[in-house]
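We just call them A, B, C and D in the order they show up, numbering each chain from 1.
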Amino acid sequence: MSRHLARLALVSSIAIASLASPLATGVADATAIVEAEVALGRRLVAVGYMRRFDAAHRAVKAVADSGDIGAPVMFKGVHRNAEADYGILPATVVVNSAGHDLDSARWMTGEEVTSARVFALRTRDDLHPATRDLLLINLVLTHGRHAVSEMDVNAGYGYEVSAELVCQSGTAHTGQADRVLVRGHANRGVPVAADWLDPFQEAYVAEVHDWIGSIAGGGPFTGASAWDGLETALTAAACIESIATGGEVRVVRPPKPALYLG
Amino acid sequence: MSRHLARLALVSSIAIASLASPLATGVADATAIVEAEVALGRRLVAVGYMRRFDAAHRAVKAVADSGDIGAPVMFKGVHRNAEADYGILPATVVVNSAGHDLDSARWMTGEEVTSARVFALRTRDDLHPATRDLLLINLVLTHGRHAVSEMDVNAGYGYEVSAELVCQSGTAHTGQADRVLVRGHANRGVPVAADWLDPFQEAYVAEVHDWIGSIAGGGPFTGASAWDGLETALTAAACIESIATGGEVRVVRPPKPALYLG
Amino acid sequence: MSRHLARLALVSSIAIASLASPLATGVADATAIVEAEVALGRRLVAVGYMRRFDAAHRAVKAVADSGDIGAPVMFKGVHRNAEADYGILPATVVVNSAGHDLDSARWMTGEEVTSARVFALRTRDDLHPATRDLLLINLVLTHGRHAVSEMDVNAGYGYEVSAELVCQSGTAHTGQADRVLVRGHANRGVPVAADWLDPFQEAYVAEVHDWIGSIAGGGPFTGASAWDGLETALTAAACIESIATGGEVRVVRPPKPALYLG
Amino acid sequence: MSRHLARLALVSSIAIASLASPLATGVADATAIVEAEVALGRRLVAVGYMRRFDAAHRAVKAVADSGDIGAPVMFKGVHRNAEADYGILPATVVVNSAGHDLDSARWMTGEEVTSARVFALRTRDDLHPATRDLLLINLVLTHGRHAVSEMDVNAGYGYEVSAELVCQSGTAHTGQADRVLVRGHANRGVPVAADWLDPFQEAYVAEVHDWIGSIAGGGPFTGASAWDGLETALTAAACIESIATGGEVRVVRPPKPALYLG
């Protein structure tokens, strides 16, 4: 959402949700939104990281939180899209697609990002020379933890998202909501979805329900806050800089306002 | 639902759904309901075989209907409940639990049942002597097809339902909507649901939506009809007789009224 | 193997193995071989049911034998071949292919077959009218146990064998020795073997090793004995009769000689 | 193997294999061995990277080599051991365990390593302060390709190795040779091996067969050569330096002798 729209909403004390493209805001806009919320003294903005409402992601987090296999030490994500536009630039990949993975890493581990090192690849010679369509995003987290995410926007075969939490004595991995296993043509396999609509339809519905409930007075929105949006924007900026420079980039954040604690 | 409730509804031309225990009616009641609907000239009763609205079952049927792996020749079902009441009788198992499998066999293959042969087992010596808690239901279908269903009400480890259509050049099997794969304690596995609430929650919702839509004028209910309920009741009766006699029992049905054709 | 060859071997006290087509002998020949061994007072014949040496089948049996999920109450087998000769007769399917499943049912449950009821299907209209290429074999076992096996010689998509032991509080199912999982072409799947050579290569090697070891004095052959061969022959004959008559056929056996006890 | 043993063998023109701990040699020793072979003009040393003989790894490579899903662009490895000695140092983890992964990355992609960046974690507070038991190894490969390997020596739940080649329009992942799927105790899962003996037993046998065949005159050993050993030693040294410095370390190698081309 734009800073202006968010500001307008905040000034009017109207709850607002940015469910479709949560990372359309950059660091400056995200900061302005946080500052406006702090000035208002209320959290009104909901940021649309729908994986926080996905049953599989929640089940993985629940296993880690249960302590049954120890605390999480590493997040491993996979995010593949079937095909990207010719000439897609790495910054676009980070902002439009990888933002979800950056949020997952924070949310699922409960840690913050201290630095980013992204290895960026061009998968085919016939792509635009500036395109980097396969990113391996390394995030150093607080408390000596780590996150690594494969972001592949030209995966070719379809759309897939997975997340694994490597814990101290085991791992928890998102299950795959396969509907049908087909044996045929010398193969035993399952169809892969073409895009994100189908795999995350229920998560979107759950997110909207939660948001409507929060407006209707049922309590705070339990998804990502404006602060979470700022965290992702800061990490995304570090990722983009890492791709540009080929180096490791520290993530520096302002002090967390009391509004977003607890 | 009781015959009386159904009759009342039909007399009043009120649509009525029996979504919770679709097989509570026996052959006599199911016949009476069909006759009442035929007399009225309208289909008002919805029978709650929610698997017809389950995404996995529908995906399996869709693969078979597509012809990609040929036409279905055999239905194979598995239906396991964690634990049954002590002293449960085979007729109760058939009526309360296996009814869903009998409906699946018909719906997924598009065939009718011509005879039933049920092998009924008692899985433990400490069960009531009359209990048969594990049934292997064989149904001879029209056109030389077959259905076989394992119905196990004392499976112990949890609740699971699956269906496979063996087709002419492949098979389609319901996928498992696993939410999390856990590696821990020398095991790589997924938690199994304790009962049917969780696995079929969405199917129930879809069924109710469809039914409400049909009442609201959006067209006919696309789930099981009163005639389907009668078919299941007839097959269930044959299964119960087969368990009692140890033999194969033919299923004989009245002519299908025009109301239920097409 | 022929009765004459077996007799010759026995007369000469030479150990002999029938590893390739274990069921080539019928009841008469199998009986003669058993009688010859009993007369000789030694077990010299090894019958080639190589699944007894397959790591997956052994692991399933080991889980059941461990008691961790209770005792086995039902055996469920699947045996699919890609394609059969045009005009294949049901008796050929039973003798050449299903013999392995009949042996598995006995070996894995530790029970004997008391009767057989086979439902026999013709999967396509363009097959020979007498062909039955898809069998569902129901075997009533001792102690109120049961076995059911799908034998499909025109499965189309490839070769697959699986076995599941339904136990009192869980089940054990053969794992699938998949070598590679391929994501591609909108599918996530594994290649299916074309025939039995690849899946059972190691089992054959293990079986031959065991047999050679037994000849070399390392102790008795641990695979199927002549008596096991006779049991399979008797069950196969019952299956063939069941297909012909459409009824249930009892399996009657001679008293088990002391040579085969323990 | 020690440089001295290798030298002795080479001087004597005796083929020698280092199958158990392929990375016991450091860069200096590996260089000396290569130089000795070059002086001799023959390849006599076999290095024991047994995964090159593992059916699953070979199947993955075969899919990539087939071109069906495009060329490989990224290697992703997972290597987990149940438990490491208290106080294990990162260099030991790299040399004793991760060497296999470094070799897999080169062998499976056909690329060379140009730099390494290893993120090293200590998974529990009660471990020795200098221990780093969970490594995420990033290798920049030639032609803009990448490899990433998780090396976890305190995985707790057991031993697992997997490899995935992300290709241009799909991925190929090692299958899991599961022997038994157990449903029980509210879980559907497979046992995980305790160590590498069981999963790689057949690969070791195949490797030894290949090596014996090469000595017996059946052609060159098709596994890793002394040059491959040197490549791994160079990469391992870079990994160890990266852990120590927290930076990215280039891998520099001498020119490849003609003896190892082709």
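The rule we apply is simple: a contact is a pair of C-beta atoms (placed from the backbone, for glycine too) under 8 Å apart; a residue touches a chain by one contact, two chains touch by 3 or more.
Treat the numbers as computed from the prediction; the structure is a model and nothing was measured.
*Asks:* Chains in contact with subunit A and with subunit C: which ones?
*Replies:* Chains in contact with subunit A as well as subunit C: B, D.
*Asks:* Same residues or different residues: which describes how subunit A and subunit D meet, taking over half shared numbers as same?
*Replies:* Same: when the shared numbers are divided by all numbers used, the fraction is over half.
*Asks:* When the C-alpha atoms of subunit B and subunit D are each averaged to a single point, how far apart are the two points in Å?
*Replies:* Taking the mean C-alpha position of each chain, the two centres sit 52 Å apart.
*Asks:* Can you check how far apart subunit A and subunit D are, centre to centre, with Cα atoms defining each centre and the answer in Å?
*Replies:* Each chain's C-alpha centroid was found; their separation is 33 Å.
*Asks:* Could you work out how far the Cα centre of subunit C sits from that of subunit D, in whole Å?
*Replies:* The separation of the two C-alpha centroids amounts to 41 Å.
*Asks:* Send over the residues of subunit D in touch with two or more other chains.
*Replies:* Where subunit D meets two or more other chains at a single residue, that happens at 69, 155-157, 169-171, 182-185, 190.
*Asks:* Among line, ring, star, complete and other, which best matches the way these chains touch?
*Replies:* If you draw each chain as a dot and join those that touch, every dot ends up joined to every other.
*Asks:* Where on subunit A is subunit D touching in the complex?
*Replies:* 69-70, 73-74, 76, 117, 119, 121-124, 134, 136, 138, 140, 144-146, 148, 150, 152, 154-157, 166, 168-171
*Asks:* Which positions of subunit C touch subunit D when the two form their complex?
*Replies:* Touching subunit D: residues 55-56, 58-60, 62-63, 68-69, 167, 169-185, 190, 202 of subunit C.
*Asks:* Mind pulling up the subunit A residues that touch subunit C in the complex?
*Replies:* 155-158, 160, 182-192, 194
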